[in-house]
Amino acid sequence: MSAEVLVFDILGAIAVLAAAGVVLARNPVHSALALVVSFVNVAAIYVILRAEFLAAAQIIVYTGAILVLVLFVIMLVDPDNLPEFHGGRPVQRLLALILGLALLGEVMAAILTRTIVGQPGPWSPQAVAAVGGNTQALGRVLYSGYVLPIQVTAVLLLAATIGALVLARPDTPRVRALVRDTATISLAHPRGSEMANGVEPALPALAAGQLKLEAGERTLVMAKSGDDFLDQPVWGERHQS
Amino acid sequence: MANWIFLIPLAPLIAAVVNFIFGRWYLRDRAHWLAILGVAISFGVSVAVVAQVARDEVALSQHLYTWIPAGDFQVPVTLTVDQLTAVMLLVVTGVSLLVHIYSVGYMHGDPGFYRFFAYLPLFVFSMLMLVLANNYLLLFVFWEAVGLCSYLLIGFWYRRRSAAQAAKKAFVVNRVGDFGFGLGVMLIFVHLGTLEYTGVFAQVGALPQGTITAIALLLFTGAIGKSAQIPLFVWLPDAMEGPTPVSALIHAATMVTAGIFMVARSWPIFAASPDAMLVVAIIGAATAFVAATIGLTQYDIKKVVAYSTVSQLGYMAFALGSGAWVAAIFHLTTHAFFKALLFLGAGSVIHAMHDEQDMRRMGGLKRHLPLTYWTFLIGSAANAGIFPLAGFWSKDEVIVGAWVGGRPIVAIVGLVAALFTSLYMFRVVFLTFHGPERFDAHTVHPHESPPVMAVPLLILSVGAVFAGFLGVPPERGVFHRFLEPVFSGHGAEVHHVSTATTLTFGLISTAVALAGLGLAYAAYVRGAIKPAVVAARLGPLYQLAYRRWYFDEIYEALIVHPLYRLSVWLWRVVDIGIIDGAVNGVAGLVNFTAQRWRRVQTGLVANYALAIALGTVIIVGVYLIVGSTLFQ
Amino acid sequence: MNWAAFLSNYIFAFIVLNVMLGLMAYMTYFERKVLAAMQDRVGPKRTGPFGLLQPIADGIKLLAKEDIVPKNADRLVFLVAPLLSFVLAPLSAAVIPFGGTVTVFGQEVNLYVADINVAVLYVLALGGMGVYGIILGGYASANRYSLLGALRSAAQVISYEIVLGLSLVGVFILSGTLSLVQILEAQQQPLSFGGVQVPNWYILSQPLGFVLFLIAAVAETNRAPFDLPEAESELIGGFHTEYSGFRFSFFFLAEYINMIAVSLLAATLFLGGTDGPIADGVWWLAAKAALFLFFYIWLRTTLPRFRYDQLMGLAWKVLLPLALINIALTGLIRLWGLGLL
Amino acid sequence: MSELTATHFLTLSAALFIIGMLGVLIRRNVLVIFMCIELMFNAVNVSFIGFAWEQHSLVGQTFALFIIAVAAAEAVVGLGIIMALSRRLDTVDIDQVHELRE
């Protein structure tokens, strides 16, 4: 048993135990802590696997950002009601355990009987060292063969950011319903220098309740369709014929 | 200069695009600077290019790129300037520039100011590409593009229902003509395998007579629509719903002459088909006559000028039909000056009268609008063909062309129409500017237009006075010598006109014009003839003219109404009954099935997760058994 | 395995750790003296000559205090949090190069603990981990103020960590490596412009990156004017309200060690680290780091605390775009320099 | 198993994955379920990097990098959803969320 295997066994055991702790802990904060431990150990295992860049990325992204966010949300959601909702669902627990064991059995069978097909790739440790280390080697692979996926990932991240903004936006259903139900046509909002004429805009006579002054100073005339005002001269338009 | 031709259409295009994108938020009231600059660049380059064409007497061309490279079918975008295009270039860019300047004053304060100055350069771009094209497909594309611009500008005040409908009408009526034009282009391609002018003209003589006639008539169908000939002229008077500068530029000086230009451009095709020529001449003469009669009876100042435009286009058409190509283009050129002048003058009057267009509520404006009066008078006289203004020379030449081209009846109809022309033109002048003030002086205070509107009027009136001298002496003027290379070869017939004939017709048309002037004076200034009495005496004939020969009513009854009924039937039965029924039926079926299946959804995420896990276990298991070597 | 090299490395690491701790103690003295001078006071002067024994007295006092655990606290987390902070803080010193290689007793000794090829990422990762001490401490105290301090800290550290990382990308582009030793080497070749020798320090080629790094680093270490997690005027003590005795001192120590570590890092990344004439490299590094430490204290006396929304707005709306612009510009210039444009 | 082989890593990966899966199936707190999903992501990464190490190929590491990026995106959106959920329904218990039933 080499020292490498010993180190791996220790790290792996801690990672698995911590992972079990994530599932078993009653308090979500403790779960998160256990997950941190698991992630850090997995990152250490990455270093054994000569993936130093990914180890750093793992810590920065997972532990440094995602889990901090999770903790943030845990504390924000309901700090007084954090303990887990226990009890109930005995059937599901049993089913889940059976399924988990079955999958474990299947996967272990696959792992233990596996054979390697195909040739080893070009990035032997010597080749990696020749270009200056794991980071440089990964960069070469990434920016030569995976430029499009990188850009797609960038777009994905942007989309996720926008999605998060939308989700986090406080929604006021009343306003949305109002906008949905009535199209708004602003006839009395001259834009630009037409105001200089000093002529009052010709507004159609309004039924009671049609005029909403909700959107600030600007007068909104609610109309069911543009046809209602088609024959109305627009602001500043010549009256012909 | 050939390498700079691309600037001519590009400059207005850039102006249009920039105004479209930035006009609404940034440029707003400054939008006109860019537009005028673009058109001015265009005009300047045109002048330089035309100067070179005139000096070297060869056509210039610049190949930009190949638009459609599909095997044998090549559509190059090549800008070509020969003498005919050169004339059109000067007319289009020159009048456009003046109208742009005029519009600054006319459209001032309109909320759509930037939009106007985006559409207008776009039109100029399309029109220039139309005249610069060297093949029929490009011509056709920009033929449609000018149609689009015309639509946009007629419907410029789109919130007014009448404007929106006039725009629609113009668009639909033009479609009829364009359809024929499109067919003609296809026919050319099918038979000749090319669409480039030079190739087509070189081969057209070899085709059978029937095919040539078919091509020529189909092409002329396009011209009927665009140049407002009978029976498709009904859109042009309605197009006066657009702003007046638009009427001046598009519906008088440039776009409507595209049909004339196209026929002149395709003259070898027409020249090869006497039947087609006859049709062109007849339709032109009929248009000239019918529109002139209608013009006599209208009271809307812009409508009169509009019918006058239709009538003058008729003159050009029958000149074409008589083989007097140069005369047609000459008349086109002079017409551009005086008709733009008339429209802009009418616009000035309307502007001064606070958007009043009915001549019955004008009168006596000479005192208030001296400049407008004099320029409008020059335009009217030019249009009426009073010696020695521009209209006299060109119209006279058109009529002489018809006479010597073997169409004496057409020439006589032209002379009759000339009488009417003179009569209605001076009717407008006298009704508007002379006599008592028939408007309410307390509410309306007529005032002369600002300089930015007056200057184009002055420049155009100079043109209206002197443009005719380009064609002096008749048949051998500068204009003719310049255009001669275009209309030679391809079996062109050259008619030599004796001096006696020229003189005779000059005298006759002068007499006719003066007769019209006299009649108008007698009726509307002296009151010697009572127009109402004459109208009553003529009875049905007057009604016929007043009701515009019932064209609109006939179309309404024969085409629009049946089509409307058919559409309603299609909507009620086919669309709602069959198409919607099928779609809703499918949806209903899905809904019915889904209602049966939805009980499977418990709404509990945990159950879904369990199902996913189960599926994973099963799939991995199946793979292990079937796909791997584990059990084999 | 070369046991001698291993041992020498270990000894060096031990020295670095202890020097850091000692420095940290006198950092508090330094801060109090400078603060006092700026505020026209005298500062500590009674304990020993010039008050030089003051840090030791403070240390003894803190260690001797009672260790109180609040009743409702999450006990395990409460006890672990300060340790976490304290243990992680000095680790970043491990990758700081204090000089080249010297020979001691015939044995080659590297004047750095480790040269790993992702050194900068390692430091950033440690920064990301460091926030756990604060969050967990705040959470475990079962105190509203502490929790608020913890939440603020979480949001602040995440936001500024992005800026911190991006502000360094320009340096990576120029040096082509993530290893601090190699970055240092890259800065030691002076540039010559027609006979004039200019040190190739990245503060000269990356001024914007340097400023961004400085701002983000101050925010990362929770120092004024970004000390919102412990804003005493609104949150009492923030995350360490409920801590006392040596657990409090751990948080306290961690903060100062972080300051020193960040100063060393800034000196190495932007000011050429050990590069300098005449004196030994270590002294240059110490002098440059001292400059930053003085800057920290200066900021504290000068600037008022940010409001919370201003803080986040600054990070996301000002610093982040600037950092991206800096990256784009640096990349373009680098491509141009390589003749690829 | 005296030498370190990819089998070690695959076993570790399988263990982590299945623990994560059990967590997703058993736990009721949405946040914990979310963390378990992250755990499963991580298990997959271990596999990828293990294979990459065994085969001297960096494609596995590249994949792992993309997975980390996607996980970040997923985390942002997922946590956003959880926030919205707790605002709307005032709970993070997954069994209380069954609006899809109707």
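Structural remarks
Order of writing sets the chain letters: A, B, C and D. Residues in each chain are counted from 1.
Methods note: a contact is a pair of C-beta atoms (placed from the backbone, for glycine too) under 8 Å apart; a residue touches a chain by one contact, two chains touch by 3 or more.
Note that the structure is a prediction, hence the values are computed from the model and not measured.
Legend note: the chain whose CA centroid lies nearest the centroid of all displayed protein CA atoms is A. Using CA-based centroids throughout, the chain positioned farthest away from chain A is B. Contact analysis places A-D first among chain pairs (by count of C-beta pairs in contact). Taking each chain's centre as the mean of its C-alpha atoms, chain A lies 57 Å from chain B. Chain A and chain C, compared by their mean Cα positions, are separated by 30 Å.
Between the CA-based centres of chain B and chain C the separation comes to 76 Å, rounded to the whole angstrom. Once the centre of each chain is set as its mean CA position, chain B and chain D turn out to be 68 Å apart. For chain D, residues touching at least two other chains, in rising order: 21, 25, 28, 95.
The set of chain A residues touching two or more other chains comprises 53, 57, 65, 69, 76, 89, 92, 95-96, 99-100, 103, 107. Interchain contacts (touch definition given at top) occur between A-B, A-C, A-D, B-D.
Those residues of chain A that touch chain C in the shared complex are 27, 29-30, 33, 36, 40, 52-53, 55-57, 59-60, 63-65, 68-69, 71-72, 75-76, 79, 132-136. Residues 1-2, 4-5, 8, 12, 15-16, 19-20, 22-23, 28, 31-32, 35, 38-39, 42, 45-46, 48-51, 53-54, 57-58, 61-62, 65-67, 69-70, 73-74, 76-78, 84-85, 88-89, 92-93, 95-97, 99-100, 103-104, 107-108, 111-112, 114, 116, 118, 120-125, 127, 137-138, 141-142, 145-146, 149, 153, 156-157, 159-161, 163-164, 166-168 of chain A are the ones touching chain D in the complex. Interface residues of chain B, counted against chain D in their complex, comprise 601-606, 609-610, 613.
In the complex of the two chains, the chain A residues touching chain B come out as 89, 92, 95-96, 99-100, 102-103, 106-107, 109-110, 113, 115, 190-194, 197, 229-241. Every residue of chain C that touches chain A in the complex is listed here, in rising order: 74, 76-77, 116-118, 121-122, 124-125, 127-129, 131-132, 135-136, 139, 147, 150-151, 154-155, 157-158, 161, 165, 176-179.
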